[in-house]
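A, B, C, D and E label the chains in the order they appear, each numbered from 1.
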């Protein structure tokens, strides 16, 4: 039984975690969800470290919403660096960070990526180099050589 | 008995820690406060590490005031990165950093968040995705789907 | 037998890893490839740490494609910092990061560098100070003194 | 007997460390000074780590002078991040970094802060929230509520 | 017998390491040089960690040349942060990083600094506060007070 952590924030304007959990369950079984809500995005890196160290999670989906104020961009960058530290220190993945208020939602995509990393790495392998990207229509493969 | 560290600075123009302690006590009991004052915001990350390692704090509220000079913004960013390092290294939260001189005060909000993280995680869980943010009127939830 | 990790992403628009593996094999033998595909470039540092720690790789080639959106540049920088953390923590090299969509491809060059670092360090030594660079025609040595 | 490290650079245009040591001695006794001179400000973080790890210093005053060239600002930022790493890794304070050539000198203030952190934490506590800042006339407390 | 690591790159347009080794030998004996060439400047931090951990170097001179493209500046910054991590993690110095193509060469200065840090710390101490800087004519001491 794998343990999937979901870290979200009270700052977000809708329940991003519910959509992620919903999508995870559609993908199949074999996992438990540990949900952890923190005040804002800069609290997510510590939340991930806690989910890895104390809750023994195998992977974490971190769901933050970035505001429109100029200072929010700096917050998001600081949180992003913190999440890199958390991942490298734990040697485990954190997926799905920092949805901007004006971007399309992508919790479901991150949930699928999470499930694939844990249970279906060959699915990611098959999609390697196909231009799948977040928040925009897929660009599709270019022809090379 | 939980231990809550409060790190503040001599640089701030009023006693931010007093307001935070005051609010913490209103939330309930079950904790001791360890207060630690340092000269400026760039000293806060080491202060948090000391509060975690030597004072065995479970969480820290770090209260810094960012000045109006251009160089102050760089200082705040450096301090913020340092606080991410301190949190990820300790696997514990630091809350409430970097009030700008021209922002509304929010020590009380951080104190409540701190108390919730320690004693009432379900309270944060209930507020997840409700758009609660610092220093501005709450934006409120958006309708999705 | 050395172990070479290849981390790539589903975000890339063509199969960058295939070209790298192809070139590696042309250089000689003595190695096994461990391939690991993750969703995007910000997932590469954790992938490298996993390839070092769990897959016991001696070196990793990380292949990411950076998009044209302004936010993509920030992502690439965050990923780059994460890759520095992963390398310094493991004490091992990660090569070949972050091809921009409008740059010439250089998987083959990184594959050769990877092979040289593992098996032919004297080849790199001979090329030291010859102005070999990625994505542009080589500048060639300048005359000094 | 506490050990105070003083790290300075050959790059500075006057002997910043002498002023700091002078002020430290005025504050009282109970400490030994370990002085360590490095070439430039980017060498200060490693110097601090060496002063903590090999020289068993309890605190370090790092004295660097930042030049007027545009590249100097980047150097100062990099050094500043390195100093955060050094502090968080050691769990000890580094005080007083990065005087710009056009700022008023403040070695004495940092020396007093250093002495206070080691021997008179209550002195800092009393100054908390009084608006004391470096390199400018003190702003003084604002009236709140 | 001290061990001095010299990390350089194939990207540089002339053999920077040769000049550094040449100067080191002029300063005196008591050391062995371990040279390690990597493809580019972003590979230098891992090279330094390897020189510290596997080659047991006491200090490293890292010699990189930064190109004229805008992206090169970002690379140099990322490499610089990585070098701070490498130094703080190892508790040892890395000297002499990142010569820009349009700056005067300074390998010799870094070699002398390296020798001084290992064998003649009192020489650096005597130069403290004399305004010695890289790549420009020395500014000389200012008169204070």
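By our rule, a residue touches a chain if its C-beta (ideal position, glycine included) is under 8 Å from a C-beta of that chain, and two chains touch if they have at least 3 such contacts.
As the structure is a prediction and not an experimental result, all values here were calculated from the model.
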item: Topological distance between subunit A and subunit D, in contact steps; value: 2
item: Centre distance in Å when subunit B and subunit D are each reduced to the mean of their C-alpha atoms; value: 24
item: Subunit C and subunit D, separation of their C-alpha mean positions in angstrom; value: 39
item: Sequence positions of subunit B contacting 2 or more other chains; value: 81, 85, 89
item: Category of the chain touch graph - line, ring, star, complete, other; value: ring
item: Going round from subunit C, first to subunit E: chain order; value: C, E, D, B, A
item: Residue ranges of subunit C in contact with subunit A within the complex; value: 8-18, 35-40, 42-43, 45-47, 49-50, 53-54, 67, 69, 71, 74, 78-79, 81-82, 85-86, 89, 105
item: Subunit B partner contacts - residues on subunit D that touch it in the complex; value: 77, 80-81, 84-85, 87-89, 91-95, 97, 100, 110, 113, 117, 121, 124-125, 127-134, 136, 139-144
